[in-house]
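What follows is a single structure, and I will ask about it in a moment.
Naming follows writing order (A, B, C and D), and every chain is counted from residue 1.
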Amino acid sequence: MTTFTASELMTVHAARLLRDGDVVFVGVGLPNLACNLARRTHAPNLVMIYEAGVIGARPSRLPLSIGDPTLVTRATSVCSMYDIFTLYLQRGNVDVGFLGGAQIDRFGNINATVIGDYNHPKVRLPGSGGSMEIAGWANRCYIITPHQKRRFPEKVDFATSAGFLNGRAAREASGVRGGGPQAVVTNLGFLEPDESGELVLTAVHPGVTVEEVQANTGWPLKAAANLRVTEPPGEEELRLLRELDPQNIYLK
Amino acid sequence: MTTFTASELMTVHAARLLRDGDVVFVGVGLPNLACNLARRTHAPNLVMIYEAGVIGARPSRLPLSIGDPTLVTRATSVCSMYDIFTLYLQRGNVDVGFLGGAQIDRFGNINATVIGDYNHPKVRLPGSGGSMEIAGWANRCYIITPHQKRRFPEKVDFATSAGFLNGRAAREASGVRGGGPQAVVTNLGFLEPDESGELVLTAVHPGVTVEEVQANTGWPLKAAANLRVTEPPGEEELRLLRELDPQNIYLK
Amino acid sequence: MSKLCTLKEAIAQHVHDGDCVYAAGFTHLIPFAAGHEIIRQGRKDLTLARATPDLIYDQMVAAGCAKKVIYSYIGNPGVGSLRIIRTELEAGRLEFEEYSHFGMISRLQAGAAGLPFMPMNQTAATALEQANPLYRRVTDPYSGREVVVVPALNPDVAIIHVQRCDERGNAHIWGILGEQKEAAFAAKRVILTAEEIVPEEVIRSDPNRTLIPEFVVSAVCHVPYCSHPSYTQGYYDRDNDFYLEWDKISETPESVQAWLQEWVYGITDREAYWQKVGAETHKRLSVPPLYAAPVNYGEY
Amino acid sequence: MSKLCTLKEAIAQHVHDGDCVYAAGFTHLIPFAAGHEIIRQGRKDLTLARATPDLIYDQMVAAGCAKKVIYSYIGNPGVGSLRIIRTELEAGRLEFEEYSHFGMISRLQAGAAGLPFMPMNQTAATALEQANPLYRRVTDPYSGREVVVVPALNPDVAIIHVQRCDERGNAHIWGILGEQKEAAFAAKRVILTAEEIVPEEVIRSDPNRTLIPEFVVSAVCHVPYCSHPSYTQGYYDRDNDFYLEWDKISETPESVQAWLQEWVYGITDREAYWQKVGAETHKRLSVPPLYAAPVNYGEY
């Protein structure tokens, strides 16, 4: 039987969410691996763009930072940071954004700023970077994260970037252009927003129980009526994925 | 005795107004010739910039339009039109602007838009182009124009770009950054703003009388107490100038 | 995915009666061939937006394509007036919206950036602001002072001429950039015309030179000499003689219609046009090469 | 007029205690050598503005140069946390102003453009907007909806590393552009550091590559390898090993001070630093050349 790590599992599932031709705002780490895997399988026309202003990257090695020069050499285009956030993201040219953070709450809001109070925090996190605008303006957003109770509180300490606020109506009232989070991919399964914007369990990976997911989630988690069991990573997917991270930096 | 045309006379005098190191927003025609003359005489470090987005042009032939490719080849920099109006002009990086128009009034306001009423004009002129912002934001502005009564009405039909409005106080109240028109160079002499912002006669060319200038001006023209007589174009200035327009396109 | 097609196909598919068209190019890279194809296909009621309408819009107005112009300078660059547009405006037969260059390009920048408006500092001149109700004011919340604003312009279609692009529409542009990038991002559809269609590898060898990416482009057309009588930096010179000649041609409706008949309606495409222009003019407008210093991106 | 001087002279003349400094470079072209020289010269009470403080500001904060940071992402890129800045912020010993990347770059764009503020569309997230009173709102006069605005940032001095420039300060930049151009135009003074000082003719051979013109530049310094452990596209690679190592060094104040002693205070300039880095690292970070396709401007 094929074995794989939790990171491999999440990355393969994230890759499958991408569509051929998607323009994706990528970060380093698992999202970068997911995009490169998708490009080598079902989405050869995927366009990867980076907040550093790189469009259509073709990295020949694993990029170790968002500004790795391998993202520039052989890219389609490089523009200023101001242009990437205006002409590309704000204008609506980005189909998919990947997001991450220390906390994701019941309505898909993300905290990347502080644990505790803003002015007297227990922990000061790195901050928004590009994520506030990606969460607002990319057509679809995906979150890849390990499933742990402390990462899934009922309410984030600080809403660095918007999911559905306290419900879809609130997000829509803000007039923001993007569709918000479409799925959270974890090592246990998938959370997706329901009609109200609340994240509900829509799929579990093989062998995972609903109770196990609930035990690792900080709010009373609803399970979808048509709860799916996911298709495990295939041999070919894993082979291609491991080629992308030969030193096992992100996939371990 | 050296002879010269009215255009040569005005161009030589305009060139003398430029200082070494000035960054000048240039148009084609006489301002371009004046700048190139200044660069070959007393202002070798003059930087010529064009609204087409060209900085530090070194034209090897007489440019026949503002977008002539000879302005680009060997230039220091080329940027977008948005950048030239923001980073260069609005930011305050332009020392001198040259302006022209169909009418210049008592307070140095310029009309480049319509003769008559805006919506039912007798004549529709080309319009502002870059001049509204040049007049507002260049540190110093100069106007080169033949001296004719119809070109110097008491009040312009339409104030495309601002001189001193109805007096210096009005311009200052607008908070605009540029210093406004510093001199109007004509074939008869110089008009310069007094403390109130009104254009007064400060110099006449040799052989020109105050009465002659008044007869060609549409308002009761004040003459400065210390009215000067200008120094005629020198042989070397004329020789260099004529080299710049060998086919006599602008200087005739 | 290749977007290559003929200019005839691109205009037929992407330019419709009543559209707002931005044929970009500030004094450089003006897509004359596309303007002529629009005339041949008999488009009507277009809103023609351009900072400088130049001869291309004078010709399109003469051919009856336009209902309105949006502009900041209506002149024949380096020559004088645009007689046809001016006459139509003075006669009240053509609608118009007028800006300064900065107002015009700020409208495109807002449209390209996905913003509802762009702010501009006051210029002290207020006549045009009062004449055009789309100029508005907003209070700077930091100083309490007012700035002037213009709304986003998002043309239905932009037509952009470039030196070279790949068949997907990733385009290298150099020389005067004007509003090429802003128009491409602001428009709903983009037709690229190119002097050369090059392999993707040429584009990817110099990503900083790529101002327009494939995914804002609808159609890619290989149209050498597209810009004549304007020019393409590094490819051919501006034909100033024609700019002077147009000043005479445009003196009477008869000579304009005769010119359109001979050079637009009577011609199938730009290749036929360029052959008709003739060898003497080809030679007069040819330019010796002068290359940029090498740039090393590094094999990372 | 040549503005060539040593980096030591440039920092002495243009960076003063209490200044707001923008050492530019979004993940690329980070002017580490200039940060080290500021540390050596013992500057105090600086406001350090950068979208991503990166190791350079962690080191400057460790050396006691800073009273405040303005930032949008405080991380060790690709590694994790910036331990020193984070500790100082959590302890309340360092003032700060926080934005998103777009808010930060919009502040610089407004500063560069000579505008009092820049508008941004709402993101639905309002927590940071409420936490930082310099975020404000303005009503779009066309739709009646609100946009979020940030005020212009005009640093006292920007430090910009470039691949090549002439001795007057006209600079070619390629690869990731980040906020190099915006910082240069926004700042009151600009110190350029360059991998190569080239003749004016090299710059003028490719004017579209020139992002910074001489007349916004105060000083030009020839500083090869200025960006190590970051990189300069086409010249050397990023030293990821050092980024990982810093994560360990910065675990204790003692190891940080020892590192500063050995690599900053104990070193005269970047040349000495680069020699000390050693041949093995030079080799590891070297990059085979890969050139851009030729570009023909034409001999007009």
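The rule we apply is simple: a residue touches a chain if its C-beta (ideal position, glycine included) is under 8 Å from a C-beta of that chain, and two chains touch if they have at least 3 such contacts.
Quick caveat: nothing in here was measured; it's all calculated off a predicted structure.
The chain pair B-C and the chain pair A-C differ in C-beta contact count, and the higher one is B-C.
Chain centres were defined as the mean of their Cα atoms; on that basis the chain farthest from chain B turns out to be A. Averaged C-alpha coordinates give centres for chain A and chain B that are 57 Å from one another.
If you average the Cα atoms of chain B and of chain C, the two centres end up 28 Å apart. Remark: chain A and chain C have CA centroids separated by 40 Å (rounded to whole angstrom). Mean C-alpha position of chain C lies 37 Å from that of chain D. Touching of two or more other chains is recorded for residues 114-115, 120-121, 145, 174-175, 177, 181, 205, 208, 233, 237, 287, 290, 297-300 of chain D. Touching two or more other chains at once are residues 54, 68-69, 72-73, 78-79, 90, 137, 177 of chain A.
Per the contact rule defined earlier, chains pair up in contact as A-C, A-D, B-C, B-D, C-D. The part of chain B that touches chain C in the complex is made up of residues 28, 51-54, 64-69, 71-73, 78-82, 85, 89-90, 109, 113, 118-121, 123-124, 126-133, 135-137, 158-162, 165, 170-171, 174-177.
Chain D makes touch with chain C in their complex at residues 114-121, 136-143, 145, 147, 149, 151, 172, 174-175, 177, 198, 202, 205-206, 208-209, 233-235, 237, 287-300. Listing the residues of chain D that touch chain B in their complex gives 1, 112-115, 170, 181, 185, 203-205, 207-208, 210-211, 213-216, 297-300.
The touching residues of chain A, counted against chain C in their complex, run 21, 23, 45, 47, 54-56, 58, 60-61, 68-70, 72-79, 86-87, 90-93, 137, 177. On the chain C side of its complex with chain B, the touching residues are 26-28, 51-52, 71-75, 77-78, 81-82, 86, 89-90, 92, 98-103, 105-106, 108-109, 120-128, 131, 145, 174-182, 230-231, 233, 237-238, 240, 243, 287, 290.
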